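Below are structures written as structure tokens.
One chain, subunit A, links the two complexes that follow: it is found with subunit B in the first and with subunit C in the second.
Up next, the complex of A and B:
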């Protein structure tokens, strides 16, 4: 009794005071809005008060490239040396797979490996590692490359991926081990990883471009930088989660520090490490198109150039080729990891049944293929006559859709644009930065404290005083609308998936596929249907950012303890009540993490949508890239990162607060 | 804790009979205080090297082991038991130097373990110590054979020799047919057999077991205890064995140390603990134990009457449960004899019946 009494008396004033607080805050912000609009410094310091960050960065870069010297060699020598070392394996693989090579000290030309041998070798590998199903997948993917005339480009892409992936894995593993063993180095590495994951890729394409020049090697370096961070993180987490008693055992067995690492910690963490490997593979393939902007050839360039020409059919064919390559390599590496885990009892039988080991068989097939082509060179190339070209089909299809559905599509587009997107854009663009920053800081202060408030305000100020405020607001509006729509679609799908095992089976396949697609591919169908502009950009962002909303909702709902649900059922709740009153509240922190991820993915899609003519920060980065203006690119990239961090910190603080209130610890 | 001198008279009969075996591992006034390293260090230094319980509490730190002194003799099974959280794991980790003790002395034979360098410690562990873990701690990526051979491989023993030794150990614990299996294909009991085989592969002199059978169900646990006793009869290791199960302790122990809140409350033979519990805590533990399982002939016997007509002989260290059936069937008393079969007393049917009646 006494408890409820004190409870109710203390709750009402609390509610009243919060309402009062926000009422006052809102009034204050409105006043600020009106006042600040009168002063350019507080509204949008476009010209007069700008800080020339961009120039400083560009100057610093020039210094690195032109003047910095380490005595014996200059900085430029160093970057050249790195590029040279990396170019060797790349050259070897491209010659082998795509371009052929000349025997040293002679004029004899050697053809690249013939397409049929590569297809056969991949099918063989798939069969040995994952059985018939994987073999079929390998056949479908690689045969597609040949039949749709993507072979040459695909092999160039494949060779740079095959070089980038192992390097990314080795460096990621090394950094992860370093951070795990020396907590001091983790304090440096961890924030760097945070930054690398929020700065859009394009921003660091620029320094790479300036340091290493335009070309395949630069593209590969950018790919490695992009694909490595998850490996570092996964390594740290995996090593940390090695059971303590294994470490104690290692000590008792008298392991030295090195034996401990190589014979106990890394092998015991193997399964988790494979997740990191898989991430590196996927991200490397995700980078294929982006990397083509700084000189990667292959499929990426095909997509990019077709997209620029608005040749949708060609872009689609090359995009599908990248996707198939990604899926094939992903499934292959997963099957490999699974086999490592499950081969145990079968191993000895396997050996006796097929005397040929997988690598040996693989190489043998390739050699036989090479021999055949040496005898009959005409077989090396997939016959022209058998190539399928679906380009005209797609062009025709789009023409038809546009003829028949144009009005409907246009109506949808017009409705959303006029009633939602444009008003929101106006509001955000016209709001003085001071008012917006103050509002954000206020929320941060209520959720967490002064420190967060100060951080948020400082980030907003950086954006304003580097002259990017308006573009940043356009980015916010574009991402904001997309995220809201993605959540409106994704969360219900997540709920559905958590409720029914059958739905889940289908949904998880779709979501997996969505996540495997390189981000560019989303642009293709969207541009096909809605032409260029903000609306297309939004649709592409929604498609790309949908997956985490579904995933986390599903996961959050599933981890609600079974006992809690049973208790609710016994209390007489209907299924709807259980969902609304038990499951969803308990799953909210998880769902918010999903929203957070959705925002991150939306922001990372921004720069890519610049290709379809948006006018936001993404466009700024893209322009900087085409002009090779390092300072401009990095500053705009940092602005995007700050937007991402603002969203991340706010949601993180909110989820922590919420979790504390639910006593979820 | 009870002063060592106060315990002496109780253990006297044991020690009088033969020369006491050498001490293998010994610790004196050992402390382990958890918390921030620097804080703990300051605290100990301020109180002159010997931590002061009041100061520990005031600093908000917790002590896992308080002022423990133990001697583990060569060839004995020394059991440490106590309730969950009483500090058993902490003390065994201090004794094996997996945790650095905060204060006190720790000697292996006559080597000061606290003064050992990391390298010396590695050498000691490679050749002199072995440990079995509660949750087995098998390496999931290695087969049974390679798991058992692991400690040898780490030392640099060549593959053929280490595998041969491993096979021998696996045979010793009765897992011959499972050598190529991986740990996840084994039952809990089998996994712990692997753990035991692995800890024995280096032929350690000192063997640590931290609740080795607690994760197993009761039937398997009993089977493993028998197995363990059988091994010890062959191997004669010096053993520190942790358990929270008093029945297990009295089945296997030569001597038992009882821990409570990080302190050692009493050290003695199972019989000592039952007959002369040092305090209410120990008595609580021993209450449910049937006395016939722990009382020895030596405790029960009356003085020897050379003139009496004896029905047979009983070893002085035999427990009542072992000889009760024989004695109860006879009206005549039995002679109690020492190791050299010299008579030292006798036991009557009435004495045995009264013990059995007590339960």
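Up next, the complex of A and C:
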């Protein structure tokens, strides 16, 4: 890897031995490359010898569903009971917000909460918690839902998010506390979290469907699995960073373990915990589209069915509704956290005033709204005549770009395909697995030690012996190309954003939108402009994975201490020198973290790009889903997870190594 | 697996855990179901909605009829093939369109479990074949005869496939034997699989807007052959022997040297439901729709932009005799 090669400090006495080592390693790998391609087991064991993991998992699943019994009830009864319990709050909220309900023991139909009351209540809450600016944002987001005719679907989506988020938070917090209190359980939880974050959602959708049944509840459970891990991680970190003197104080005051947790540790960690809450919200809304594939309905379904009809404008309108919901809930929860922090010192006198009146006012507005619609039912629905439809505009825009710019885009595409992508793909696909695995393990060994080398090699062997090597290499090629391009675009934009406040404002809006807008919305226009194939997949991955490269670069550059820059200026450095010699080297750890995140996001997009038509692990997971093959899906999902972990561990080890060296120097 | 034969729905089964009283109630409900008044049960019949318009229209028509009969109806969004898992467990009751061309194997497998029942054909006929827009004929006058394809292969080529022509196939899961067809007929083409129906149609629309040649998998009933003017390639006509017997047709050594078969479109249901809603199942069996009606409705929704439910309601109003005849008398 070039990263490691350029890293050695010049004039260092070790440089000769390092060069010698890598020279020998390279020669060894080339020999292995040539020799291994003669032996199927070393080249790609797909046809010779396979471990039937997929069948074992499918059999295990059948056992769980058909045979496992706890005497009084079966395992399936248990999961179905859980699903039933979860369906109750969901049903209550959807009735309240979207579908209306019938009063118990009577025939009286009650309409759902009217749109104007919900808008007013959200504006009120925004104003109380975050002032005029937040109130304006609430008005803009929720009024958009009504004006663009997204109300009904948005309320269905909102209800499932409102149920999934608290459950995700409670379980995340619980697991985090468990891991914090018992280091033994952390050894189990930590790798589990790695898997939950890297195994693509499609891989576990099917087991969830089989166990919990079709419909909204299963979609919600999948959402919780996907959105919970950051909460666990944040909880562990937050509890660990509670200042020691606070804990000592607790001990001296004679707190029991329970009092310590609830009265001291959790309140002290509250600010950090809010970061986890925010992540749960964002990730839950990220799942909206995928959840709709297994029966969640709502906005995600609108996006999918619009795309089916190629009504790209309609899909965009529904997609923007998801983005606005995400941003509104996010800003609201942030403001809530900020307020909690600011108000804490004088909490005792506030207690009587603020917490009472905000919820009370909120509920009062909703009740008044409900009363108004009970008297005048026609007001409950936003008038059709006032609905805006921008669909035709977007469709025409895409048509114009297609007709006039296609040839230019096609030339760029052909160039990149013929000179970069196709050769790289051939190289990776034809390399024997043994050579690649040995090379990766070697790098791991040099960076960290035998343990990392063994882990990396074992993960590669799993991929090879479950028959997924070729698909994994296509995934590596697709993600690799995309990550390089995303960095080439993202890092300079990050530098620009760090240099100018005005640029930063615009860039952050664009990046926020790209991250929360469901990728399906831009997937289909991309196909129209670049045809079905790897190139379209790459464009979609780059668009999605760009954000962390920009954000972390910007953040890293801003973190460079002012005095260092001043010193450099005094020493007579030009702005270009300051950037290249001072700022960028100091920001490198942050930028590498951004690259790491870019890789993770690129891998998580693989499943989505399967919908364009790729032939990689993502496609394998997708095919397994449509063929209802649980084992095949989970095995392919694990392979994706192992690719992600390999990249993560290598970059982590490299960063640690570099920090060590900088320290020594 | 005696459990699945009992007409409990998923939620009713879960309630059983909550106490013996609930169990009693559930049993009594099941007992009531044997009485022959329609509706036999208040349990909702769950119809699946897949992701293409024609299927949703078919499903909403059936749902409308069941509601007319007095049943509780629920529509559940589900993936086309993943829904079989739900039909086996009883989480889902009916899937209205399983196409021979894409779902035959999955259906066979599901019926073999004994938990899923085949409720017969819908009357729709699935046509799927290689398709090109009409303007292509100017550059390749030999079409629609398949023998003209090789002369025009360059016309359809892309940098990735050149010098071979590019044929945009359906998702891998649709099957279709196009790779075999190309080999058996000696065509200079390469199959590129779209990942989804949407991606497939997006590319066709893009080429159509630019009036550029494209050769792709199109099927009917669907909005594409209504919205886009074009024709199907004419391959040697399908016979069972063509797929089973290599010696059939122009290529003595290989099967698949012919076009694709017309396929049935079937209704499929959870077997346990037969005892819960016998009359409803009878009505679903009787359901019949023509390709013309379906194509017409799809065109109204996807091409003219009419709301789907409005189109269905209109059809129900104008075809009362048709759907009333599905409802079993007695």
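Operating definition for what follows: the second predicted complex is superposed on the first by the 561 of 665 C-alpha atoms of A that agree within 3 Å, B and C clash if a C-alpha of one lies under 4 Å from a C-alpha of the other, contacts with A are read in each partner's own complex, and residues count from 1 in each chain.
One rule holds in what follows: a contact is a pair of C-beta atoms (placed from the backbone, for glycine too) under 8 Å apart; a residue touches a chain by one contact, two chains touch by 3 or more.
Small disclaimer: the values here were computed from a predicted structure and weren't measured.
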item: Side-by-side fit of subunit B and subunit C on subunit A, or clash; value: fit
item: Partner chain in contact with A:301 - subunit B first, subunit C second, else both or neither; value: second
item: Which superposed partner A:133 touches (first subunit B, second subunit C, both, neither); value: neither
item: Greater residue coverage of subunit A in the superposed arrangement, subunit B or subunit C; value: C
item: Geometry of the superposed three-chain model: angle at subunit A (Cα centres of subunit B and subunit C, steps of 10 degrees); value: 150
item: Which superposed partner A:532 touches (first subunit B, second subunit C, both, neither); value: second
item: Which superposed partner A:267 touches (first subunit B, second subunit C, both, neither); value: first
item: Touched partner set for A:612, first subunit B, second subunit C, both or neither; value: second
item: Which superposed partner A:240 touches (first subunit B, second subunit C, both, neither); value: neither
item: First (subunit B), second (subunit C), both or neither touched by A:628; value: second
item: Partner chain in contact with A:255 - subunit B first, subunit C second, else both or neither; value: first
item: Smallest separation in angstrom, by C-alpha atoms, between subunit B and subunit C in the superposition; value: 39
item: Touching residues on subunit B, where the partner in the complex is subunit A; value: 93, 96, 98, 122-127, 129-131, 133-137, 139-143, 150-151, 154-155, 180-182, 185, 199, 202, 208
item: Residues of subunit C touching subunit A in the complex; value: 1, 3, 10-11, 13-18, 46, 51-53, 76-86, 89, 91-92, 106, 158-160, 168, 171-173, 192-203, 205-206, 209-210, 223, 302
item: In the complex with subunit B, residue positions of subunit A that touch it; value: 243, 245-246, 248-249, 251-256, 259, 263-264, 267-268, 270, 344-345, 348
item: Complex contacts: residues of subunit A adjacent to subunit C; value: 66, 73-74, 77-78, 80-81, 83-84, 87, 205-206, 209-210, 213-215, 292-297, 301, 304-305, 307-310, 399, 402-403, 406, 413-414, 417-418, 422, 523-525, 527-529, 531-533, 609-615, 619, 622-623, 625-628
